[in-house]
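Just so it is clear, A, B and C label the chains in written order, and each chain counts residues from 1 on its own.
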Amino acid sequence: MLLHAIYLVAIVAEAMSGAIIGMRRGMDLFGICLIGTVTALGGGSIRDVLLGHYPLSWIAHPQYLLFTIGAAIVTALVARQLHHLRKVFLLVDGLGLVTFTVLGCDIARSTGAMSIGIHPGIAVMAGMITGVFGGLLRDVLCNEVPLVMRHELYATVSLVTGALYMGLLWLHVDAAIAALVAVAIGFAFRVLAMRFHWRLPGFSGEGIRGIE
Amino acid sequence: MLLHAIYLVAIVAEAMSGAIIGMRRGMDLFGICLIGTVTALGGGSIRDVLLGHYPLSWIAHPQYLLFTIGAAIVTALVARQLHHLRKVFLLVDGLGLVTFTVLGCDIARSTGAMSIGIHPGIAVMAGMITGVFGGLLRDVLCNEVPLVMRHELYATVSLVTGALYMGLLWLHVDAAIAALVAVAIGFAFRVLAMRFHWRLPGFSGEGIRGIE
Amino acid sequence: MLLHAIYLVAIVAEAMSGAIIGMRRGMDLFGICLIGTVTALGGGSIRDVLLGHYPLSWIAHPQYLLFTIGAAIVTALVARQLHHLRKVFLLVDGLGLVTFTVLGCDIARSTGAMSIGIHPGIAVMAGMITGVFGGLLRDVLCNEVPLVMRHELYATVSLVTGALYMGLLWLHVDAAIAALVAVAIGFAFRVLAMRFHWRLPGFSGEGIRGIE
């Protein structure tokens, strides 16, 4: 229940992040609503399509679209003031990332129960796809090299959260407790990573000759 | 039946629009056939994958591929003359947009009858996805910020057409009559929007500071 | 069995090609693993989603992910030396292309046997999607106009291989023999195309006026 409430706050935050990037690219109101919705619900949609998990969440619960479209429109109206809320926004976005991840793992587990057995590693992947592929779609539509491929602790936080959650379930920890522990530790990891600018090794690309 | 005939004309027109943009990006013959096909059939494919509606239309009816590939090849041969047909082309494209939309709503309704109940708002979304996501895929493959996100009355026409069609069905109007009325009014709306350069509010992007 | 062994070598080669392009775009370690995996497994995933063929290969066989992620990490470590292996790499990549194609045709045939009859032309398309769409996704994520749309003999080789394989099956040739013949002839075609720089007609894009 708590996870579900956090989920609703998170899709609003994701929709707002998409809307802001859309505005910076000169999109109109329709484009802003679309990019906000894709950012918020795209990760979960890709996960469901890859797993064959139908119906998709926003088709079963059309009210999610009202949340994302509403968030995009509000963002378009107040965008010039939003940078004052930058820190709040980053915290909500980080909370959303870990919540999306845990919910994505759960969807993969339930799909596995329905048909084939899903490998725990695939459940962790499904969680990560839920957490980060919305932002990846946003960047592809805005014609940019996806940010998530260049600032990786975002994805790493998702991976760690999913692995922790699946590990706790494997140890027969109660699902609700496992979810809360994974969300809490994942969120703390994300906050620390932002605070201390942790990052994975990157590559300058210089001196790399093509092989194709 | 009439809708189906318009549909075939529309996929030819969409394939031609894709082929022309591909030629301007320096693609070769294969790329032009692929971009034409994706533009014409991509919107319906995304809709079917999101709904879990299998088999996809072009897999059940492979002859659609002959239409789109043929249209792309013809376009490659006569592209230098095509701008004389600009007005005819825009009219066919507008007719295709509203036809795609109504057919997309119908697919969503029939999917809903098969398994879960589909919300009427989701059927309108499915119609809009059918109408505008082919062009969106085209622009992503051609490495551009999708046009549909910047010139929005295209998408708005699709939304109005789908909402009108679903509204008439809700009022128990016969499906064939509802389809014709929605296509006629949607098409008139599109023609007027082009004639008088109607557009939604856009955003300059200046002064928008990031929050990520 | 032989095809399966070639398949594993091919996904490693594809993952390496993706990783190298990711490094040139300044991605970090996570981005490089993701782009390598998408390049290697993306074509088959798109094919399976379009056909409604579940579960996807990497969900049923999670060890494929270890191959692609391992290949990407190794590539990141030794990238500066890889251009010495350029010719070996191109040969493995060409062998992978025709192997992916034949395996993609087979998946489409088996899907057809399960539910609806799949048209042989659609099986050829499914083979081509398997062969070339991984590289297409790689280029979209790296924000480039897909290479496959500009250097088409790559896709043409896939098309010829798939058509040859389906043609041999239609003539009641044993499936294993048909696969080996198609792979051998397709591979020879690819090697000759590279050696003699064969290409399809391209278009300069100059003088093409838009019709939208």
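For this structure, a couple of remarks:
As a working rule, contacts are C-beta pairs under 8 Å (C-beta built on N, C-alpha and C of every residue); 3 or more make two chains touch, one makes a residue touch a chain.
As the structure is a computational prediction, the values presented were derived from the model and not from experiment.
Interface residue usage between chain A and chain B, two copies of one sequence, is largely distinct: under half of the residue numbers at the contact are used by both copies. One copy, chain B, sits rotated relative to the other, chain C; on C-alpha atoms the angle is 120 degrees to the nearest 5. In whole angstrom, the spacing between the mean C-alpha positions of chain A and chain B is 29.
Annotation for chain A: residues 49, 52, 140, 143 touch two or more other chains. The touching residues of chain C, when paired with chain A in their complex, are 16-17, 20-32, 34-35, 45, 49, 52, 54-56, 58-60, 62, 65, 76, 79-80, 82-83, 85-86, 89-90, 93, 140-143, 147. Chain contact summary for the complex, chain B toward chain A: residues 49-52, 115-116, 118-119, 121-122, 125, 136, 140, 143-146, 148-152, 155-156, 199-205, 207-212.
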